[in-house]
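One chain, chain A, appears in both complexes that follow, with chain B as partner in the first and chain C in the second.
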Partner chain A sequence: MNVIEIKDLQFSYDEHQPVLKGLSLTVKEGEFLAVIGRNASGKSTLARLINGLISPLSGEITVLNIDARKKENLYEIRKNVGIVFQNPDNQMVASIVEDDVVFGPENLGIPREEIGERLEFSLKETGTAEFRESMASKLSGGQKQRVAIAGILAIKPKILILDESTSMLDPRGREEVMSVVKKLNRKEKMTVITITHYMDEVVDCDRVAVLNDGVIVKTGTPKEIFSDEKLLEATGMEPPVSMKISLALNKLGVNTPLTLDKQTLLNELLKLTKKPE
Partner chain B sequence: MDIFCKDLYYQYNKNTEFVSYALNGVSLTIKEGEFFGIIGHTGSGKSTFIQHLNGLIPVEQGILTVGDYDLSKTDVKKSKKEKKQLKDNLKNLRRSVGMVFQYPEYQLFAETVFDDVSFGIKNFMPNLSPEEVRILTKNAIETVGLDYEKIKDKSPFELSGGQKRRVAIAGVIASRPSILILDEPCAGLDPTGKTALWNLLHSLHERVIKTIIVVSHDMNDVASNCTSVAVFNRGKVIKTGTPKELFSDSAFISDCGLEVPVTAYLTENLKNVGIKIDSDYTINRFAESFANYLKNTEKADL
Partner chain C sequence: MLKDVVFGQYYPAKSPVHRMDPRSKIVLLILYIVMIFIVKNFWGFLLTGGLLLATVFLSKVPLKSMLRSVKAIIFIILFTFIINIFFHKEDGAKILWDVWLIRNVTDKSLYYAIFMALRLLLLVLGSSILTLTTTPVSLTDGIESLLKPLSYIKFPVHELALIMSIALRFIPTLMEETERIIAAQKARGADFESGNLFKRAKALLPVLIPLITSAFRRAEELGDAMDARCYNGSKNRTKYKKLKFSLVDLFGTVLSLTVLAGVILCNLYLGATI
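Take a look at the complex of A and B:
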């Protein structure tokens, strides 16, 4: 089943500079999709259109079979699409972690007992229970982003969008956030769309969509996308580091397949060094 | 200008119950001419340290000299004249030590790119003629790889993310600092923008800026670009050396909450099975060294 269907979407913030120029994309239920593309290619605009923060000039966009262009549907859509933004400091509404997490369900008028259950579930899933009574401002960036995800989980959305949510974090913080998200995707079958500039984060996704100049120019598995040198060059993308190394080796006449991650690359290199028997 | 510091301490929330040591005895020397990397996980004191280097945070305890400027804490009472002298010195220091913060594009404020880039020059050198200001501004904008005529009258807010960041850097280098410090200069940039920014920093380093200091979380970038690196952990510099020296000890790097670059990971694991690949951990050198290894073993087999 498709949870998001977008057809010929057009959008612009001012009439001289169209941002999306007929974008089409479908997202399947339970999928882990990465959206990559240059700065200002329209990635964040796409995220905002999906949960109705902005509405398109023309084209169709349905989320869970609901028309996202209609104002009366926005409440239902936002209950089902949560976005984690770039800057963790911009999305904390309460000073104590627990209060921040229950802000969403409280506003939706969820009964008290159920809010309690949702709070426990969200804290547990994101590994934030240990600082439930802490001041949100005292947490590290990675912890704050996990609290932000907990707040979204408490609304029980079907779709989670990460809009460069890890770009302000250090490597460890980034890993914390991504492992929580991967778990939610696998265990809870939550559909995840991640918008990112970290090519190493894209490697584990089911599918990658490349956004360039307001349209999706290609979708495919990470391997398909990163093996397409012409596409990468035309869209300003680069392969992950491990693949850069295998490309450099190929150029020197070392025949090794293009690998996306360091473990696989290591195994390939070890194969090369083994003497034929 | 060399940077020298010894036993630098700094506390946040001093005299309250939330007191915490951000710097816990930092000792470090950065020689003129280096492309210096500062690494360490969040909260290790990197940002607090670099803010000491141009006097944004006054030294609380310890010795710090930047070239001829002594920023160390002294207990001697100063006369009015000395205080004025100190203030002038600080202004000169800030001109010599340019600071580019994280997401510097958020600090753009003027109506045109020209006004934004020339703001620093006008403040640091109030006696310049408008023509001299124009020349310095034009120079700075062109140095960061932007087209002066096309961009000077534009609003900084119309530009793309990568362009905005270049404009912000132009504003800092316009007053010709000899040391340029950048805090996570590539955060949030797309891959092309990132590569272009590293290339820009190298070209600045070759032509106009003597010393470049970069705080970065990306060990692959640090391995490929820096000549020396300092590792911060719990408010201290616990190791300095070339990227090669630091990253060959993956257990140590991992203890600091960091990860070694992919090239170092491969080198170490190959070494564990008796394959010695010697390189400086840049991608090209690693690939060359590995290709040579294969060639040599083939020859040996023949």
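Take a look at the complex of A and C:
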């Protein structure tokens, strides 16, 4: 089943500069989709459109069979689509972790007992229970983003969008956040859309969509995308290191399978060097 | 330096003071401030000071955190002390010191200056107990609940409370950012320490402008994040934390009222010295 269906979407902030120019994309239930594309290609705009923070000029957006263009549906859409933004400092409403996590369910008018259950669940899933009473300002970037995810989880959305949520974090924080998200995708069957510039995060995704100049130019598995050199060049993408090496080897006439996995590449290289002369 | 300001600095701990209903804490703090201002002799300070010490002790807030709040306003305390010691005039005062620059120090002015400094000190310590033991959200929940009657005359109580809690939330963030901008400007050779007041104020301009721009950007992003989390005003909103007047609140109220009675008795029977 498709949880999101976007057809021929057009959008611009001002008339002279269209940002999305007829974008189409479908997202399947439970999948882990990466959206990549160069700066200012319209990735954040797409995320904001899906969640109804802005509305399109023309085209269709359907989220869980609900028309996202209608004002009266916004609340229903936002209940089902959570967004974690880039800057962890600008999405927390309350000073204390717990108080922030319950903000969403409070807005939805959920009864107190159930908010309590959702709070415990969200803290546990994101591994933030140990600092539930801390000031959010005292946490590390990775911890703050996990709290932000907890705040979204408490709303119980079916779809989670990460808009460069790891871009302000150090490698360790990035690892923390991504492992939480992967677990949610696997265990809770949550549909995840991650917008990112880190190709290493893209490698494990089910599917990748490349956004360029206001349209999705290609979707496919990470392997399909990263072995398409023409596409990468046209959209200014750098493949992950292991793909770069295996592509380069193939160009040199050394026959290695194209791979995104560092270990596989290493094994292949070892095999090559061990060849008896 | 800026971090010493204790506004919105919550100290997490499990204590009876932390457990108290924020509404009773706010009301009792107001009562405490009234007490400090009606105290007329040092016996009264002994009582209010005792109440303060007992509260600090019960709250498990380390003295260090308490002293930080004093550090932030130590200049104001010293300033009033010095002003009072030189300029407080009273009939029949005995001159203690009147030599060279330091003139006109009388027994009465010394007494008065100490009295006023103590008053300020007790005021600051008492108020910081409230912010140290109450999370910003429960503080604003308390204010919201106390101001509830005003919503009948269409006063936006919920919005006011939310604005306050967001402001408290952003204080540490903006403090950090200010320090970062100052450091960056210093690295480029900006001078914040020398020159007259006017020059220094001017030097702060390149700090304030990026700070304000960024505050606007933050506000915009926060607005989006709140929308995305289904914020829809106070309509149909529930509160997770319920405010409840419990036994600790009763105890605190009784204790404070007892001290109030003590202060009044001291004023009446032990002489008013101020």
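By our rule, the second predicted complex is superposed on the first by the 267 of 277 C-alpha atoms of A that agree within 3 Å, B and C clash if a C-alpha of one lies under 4 Å from a C-alpha of the other, contacts with A are read in each partner's own complex, and residues count from 1 in each chain.
Here is the rule we go by: a contact is a pair of C-beta atoms (placed from the backbone, for glycine too) under 8 Å apart; a residue touches a chain by one contact, two chains touch by 3 or more.
The structure displayed is predicted, hence computed values, not measured ones.
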| item | value |
| --- | --- |
| First, second, both or neither for A:273, with chain B first and chain C second | first |
| Which superposed partner A:69 touches (first chain B, second chain C, both, neither) | neither |
| Touching partner for A:105 - first (chain B), second (chain C), both, neither | second |
| Chain B versus chain C as contact partner of A:182, first or second or both or neither | neither |
| First (chain B), second (chain C), both or neither touched by A:137 | second |
| First (chain B), second (chain C), both or neither touched by A:197 | first |
| Contacts of A:95 with chain B and chain C, given as first, second, both or neither | second |
| Contacts on chain A seen with chain B and repeated with chain C across the two complexes | none |
| Chain B residues touching chain A - in the complex, by the definition given at the top | 41-43, 102, 160-162, 187-195, 217-220, 257-259, 261-263, 265-266, 269-270, 273, 275, 283-284, 286-288, 290-291, 293-294, 297, 301 |
| Touch list for chain C against partner chain A, complex | 8-10, 12, 135-138, 162, 165-166, 168-169, 172-173, 176, 217-218, 221-222, 224-232, 236-242 |
| Residues on chain A engaged by chain B in the complex (per definition of touch) | 37-40, 86, 140-142, 164, 167-173, 197, 199, 236-238, 241-242, 244-245, 248-249, 251-254, 262, 265-266, 269-270, 272-273, 275 |
| Residues of chain A touching chain C in the complex | 48, 51, 53, 75, 78-79, 82-83, 85, 87, 89-96, 99, 102-112, 115-116, 119, 133-137, 151-152, 155 |
